[in-house]
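Shared between the two complexes below is chain A, which has chain B as its partner in the first and chain C in the second.
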Partner chain A sequence: MADTTHQAFDPLATGSRARQFRAKFTVYALLVFFALLYLSPLVIIFMNSFRPLEHIVREGFISSPRALSPQYWIEAWSTFCIGGNCEGVSRYFSNTLMMTVPATILSTAFGVVNGYALSKWRFKYDTWVFGLITLGVFLPAQMTLLPWAFVLGKIGLSNTIAGLVLVHTVQGISFTTLFCRNYFVAVPDDLIKAARIDGAGFWRIFRRIMLPLSPPILIVCVIWQFTGIWNEFLFGTVFTSGANQPITSAIVAFSGSGTGERHYNVEAASVIFAALPPLLVYVLGGKYFVRGLTSGAVK
Partner chain B sequence: MSSLAIRNLRKSYGSVEVLKDINLEAESGEFVALVGPSGCGKSTLLSIIAGLESVSSGEVAIEDKVVNNEAPKDRDIAMVFQSYALYPTMTVRQNMTFGMECRNIDKGTQAATVARVAALLQIEPLLDRKPGQLSGGQRQRVAMGRALVRDPKLFLFDEPLSNLDAKLRVEMRSEIKKLHQNVGRTTVYVTHDQVEAMTLATRIAVMHQGVLQQFATPKEIYEQPANIFVAGFMGSPNMNFFAAKYVNSAEGGGIVLDGGDGSLLPLPGQRQPNLRDGQQVIFGVRPEHFSPAHVARATRKGNPSVIVPVSIDMDEPTGSETILMCSIAGQEATIVCEPDEAPTTGTAIDFEIDMSKVSLFDPTSEARL
Partner chain C sequence: MPDHSQSKSSNRLARWTPQLVLIPTLAAAFMYVVVFSAWTLWISVSQSTLLPNMSYGGFGEYAALWKSKRWIVSYQNLFLFGALYVIGSLVVGTLLAILIDQRVRFESVWRTIFLYPLAISFIVTGTVWRWIFHPQTGVERALSDLGWLSANFDWITDRDMALYVVVFTGIWHASGFAMALILAGLRSVDGDLIKAAQIDGASMPRIYRRVVLPTIWPIFVAVTVVLLQFAIKTYDLVVALTQGGPGVATTVPAIVVYDLMFQRGQIAQGAAAAVMILVALAIVIVPYVIWTSWRARQEGPSHG
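Presenting the complex of A and B:
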């Protein structure tokens, strides 16, 4: 592979000075405008999570903050009452964590093995197996509610975090299998043949040759699964209740069905707690996500 | 003892038969080249020998043991791939030890073997690099090193030089030959390059459309090709094929070119075929078996020869030799001669044909007569 210098074409750097300036100005102005537009809900919620309730009530949601205090965050985390349960969001946060982490790991692990087997080992009806697994990608989640309710009831996992882990693992395998299989297809078959002649079997080839090539697609699977499962709402709401709910389902209680005073500031902090982990995962891993989706395995 | 034997081998994918009744035998230490155009089945045959593909019928035996149902790892073979197939995440050293690790060979032996093979191939400085940090020629060496650490019964090469540039290819070719002379293992070498086959092999198997056309020494393949396909495939520029008639005269058999002046080109005594008078034949002459009449190379060698008039249409000097596009009796022909012997384009001149080297083929069956 020869080193080549690649100069990207920059349309903003052509034409007269005045044109260059106008072009750049327009582009950056639009970018700033849309960035502000998309960031504004987060900023407003974030501001309100520090403001005393009386200020919010008196001056409205959008207003310059005065008398900031971190106490609403503490309250939201540990003592705030949600749906009659006064432990704050900490309980639901840990519910979600207990659901998301195992389901992400399991679905990714199954997906990598599936993808490897389906791309590198021919067996009878392998394309059918792959087709059926990936059918799950296109199947609306609502359609699976009743079958899942039946299954969870039969195996005694109704209203448990373990039940949600099972649901999310199985649902997620469709995606992770699709991602990994398409990634591994780009790995030359000759590598597998060479390893077979060298005497390696299915698992040794997987462990020593495929897995070391997998980090880009593993990152994609983990980010996709983690954010998807963390943010998932439907299964959590349908299959769990009370203290066993994931955080996304629990904070629905804010939507006004309750009586009495609304604690906008504490609720704002709670919402940020619920949104923070996927946000962090995207901020920290987004670069690898794009890289993993677009990269081939080897060259 | 035969090191590799393939008997009545057939391979089909669905209804498509890609290998038709292949029979091959390689003596111990032999270098067999499987050569043929793309899609002739040569790579499939190699995969079957390696155990990466199953057979539809027939058998493959390595050292007199039928291995049809044995896994690749149990056949005691080593293979070099066209793409090299080096494990990209392992260092060169790990690439070479991976097979030994799979076979549970102790670490000390592994290190000693790698050291020996690395010295043989002069790749010691590369041992701790990854394949991505190597040039094409270096990867090629490492791929051979990975095969050599095994010390197998059979080496298999699948077009190992086709990804190298022309100069490197010639270098590696002689290196493979040297290696084979040193190691002395039976080798099966797939290539589409007839020069590689000619230079490396002790015997060449020419394949076409799933059929083994001829299996013989390079000399025999070149001088006595079994049919028109082999004659045309081996040798560059191609052998000339002239439509002609066999004529039986008082002095013995001869050839009369179609479209010519009807003069008889007598065949030498040892090349008299058993044909009837007037039978249509294909008369094959290699480009280098022509020489200008005044040079008379065949006559000087004491070989029987005939003179034919040739008109030169175009010349292509390559430096070491000049290729002449010309017509003989109205039929197109290619002649190779030394640059300073080459006549100028547009002239008509007499050339001598070395009749001891010519071939005759049947126009319908295309087989050698």
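Presenting the complex of A and C:
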């Protein structure tokens, strides 16, 4: 997984001067074009979260912004009515936060210990155990909806955040175990053997050897789980309702209702609230985000 | 497996710690993967309707599912969407990766821009692009305000074109992912190979087409498999973007599952549809897993 250094040659530094210039120009022109295409939704929504409603209704979303005001953000956060509940998006934001943080911590903690046990303590059928856990990565959520609904009902967690924490933790452990196991496999076995000869046990080796090596994969797991659970929609919609729903469901609730007056500016601000935490995590932990993608996909 | 107990005091508990530690996860995974799957499978052949009724009812619901027009449309949509989405994401992702590979300035800025959609939920993505695509609020409105009064861009409300809106938005969301993996692949290609081709006088596009891209084909396979998985599981994006409409024009299997299970009270048929999604996934993943393990064996234990 080491970063291989790139070949020490410049593909654009070939051919004549004019050809070099043309090539460079094409490359940057294309990059700018795609960058604008990728950024435009972000810019459009950000701009419209500050525009007066009558401007948006009159001119649409794509128009020069005038008379900007931050009041729609305040409205979106605290007084916006979503499905008859007028506490603003803050209610759903905190629901999602209360769901995401515990589920991220729990699934990551389990994943690290599982990954360590599966990679460094060989036992009979360990590959079967690992195979079973990783199957959870591929199982489509639709296969689990009815059983989960039944189980959550039986244990009294229907329509609760705690129920969603449970669902996301169980599902997330598959991912975190996969990530951590593949990461720990690269730790030399001799290190563990030496520690065992010195009389160190399972937990001691974990604390003294594995945990200090773990920060990179811990960050990958936390980022992956946080963004994944924060952005999740299906489980939230199926297992909770009304004021207990996560923010993704709340957005669908107001943007999907075709009737009544639309408050595009407040809706735009609400959408930004839903997008901001994972975006922040992405910008702050970009390198690890990419690493998670790469190891999650290729392995 | 060194099994040397230092002294008799290293008790049995310590020896079994690794297995004990795994028990909660194993139980959860077993419940989640085996029990839940079997459960849903059983529901699909049971007599359940609005409420679960676990007595055996045969495969009638599968037959009914494949007779329903909505399901057939959704499956056709899945094929068209999946194909265009995967090809589009690969093409755009490859292009972006090659562009960034040209030793451009501010590389990390470009990467960050192209990859950020992946951090945003399908719900947010779909909601925003719906506003942009909708004739009343989006591009058509902006064009007509600019003076082009006959501007017509209403794909999202057009039965024949709405699916392409979903494809476009899906590509916008996923091409950065393809880019990141392909770029990592490009960076792993042996520089000497390229130098040799250059000395032979090959042009840059030709070198990429003939030398570089062919050497990283396993990455394209991996990205394709992951994207196909995304496509088969697609649900949120369509809900936020078009809600499956207009009519059933953009309905996908996952939407049918939800509707059957939770809107129409046809639990057994919903479970049958869920099983069909699992089958589609298996068709994609099982050959890939077999192929990768076969390749790993070919290359010997030195590889990952």
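Heads up, the rule we're going with is that the second predicted complex is superposed on the first by the 280 of 299 C-alpha atoms of A that agree within 3 Å, B and C clash if a C-alpha of one lies under 4 Å from a C-alpha of the other, contacts with A are read in each partner's own complex, and residues count from 1 in each chain.
Keep in mind that, in the parts below, contacts are C-beta pairs under 8 Å (C-beta built on N, C-alpha and C of every residue); 3 or more make two chains touch, one makes a residue touch a chain.
Just so it is clear, the structure is predicted and the values come from calculations on it, not from any experiment.
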Checklist entry - Which holds for A:Val283: it touches chain B only (first), chain C only (second), both, or neither? => result second
### Query
So, A:Phe61: does it touch chain B (first), chain C (second), both, or neither?
second
Winner on chain A touched-residue count between chain B and chain C: chain C
Quick one: classify A:Ile74 as touching chain B (first), chain C (second), both or neither. neither
Margin query: Once chain A of both complexes is superposed, is A:Pro188 in touch with chain B (first), chain C (second), both, or neither?
Written below: first
Pick one for A:Arg208: touches chain B only (first), chain C only (second), both, or neither.
first
(message) Output check: A:Ala200 vs chain B and chain C. Expected answer is one of first, second, both, neither. What do you get?
(response) first
| request: For A:Ala109, select first, second, both or neither according to whether it touches chain B, chain C, the two together, or no partner. | output: neither
Chain A positions within both the chain B interface and the chain C interface are 193, 196-197, 199, 298-299
Per the touch rule above, chain B residues touching chain A in the complex are 47, 50-52, 71-73, 77-79, 81-85, 87-90, 98-99, 102-103, 132, 146
The answer for chain C against chain A in the complex is residues 1-2, 4, 6, 10, 14, 17-19, 21-22, 24-26, 28-37, 39-40, 43, 52, 92, 95-96, 99-104, 108, 110-125, 127-132, 136-139, 141-142, 145, 172, 176-177, 180-181, 184, 187-192, 194-195, 198, 204, 207, 219, 222-223, 226, 229, 232-233, 235-236, 239-240, 243, 254, 257-258, 261-262, 267, 270-271, 273-275, 277-278, 281, 285, 304
In the complex, chain A touches chain C at residues 3-4, 6-12, 14, 23-24, 27-28, 30-31, 34-35, 37-42, 44-45, 56, 59-63, 110, 113-114, 117-118, 121-123, 129, 132-133, 135-136, 138-148, 150, 170-171, 173-174, 177, 182, 185, 193, 196-197, 199, 201-203, 227, 230-234, 238, 248, 251-252, 255-256, 264, 267, 271, 274-275, 278-279, 281-283, 286, 289-290, 293-294, 297-299
Given the complex, residues on chain A that touch chain B span 1, 188, 190-191, 193-200, 204, 208-209, 212-213, 298-299
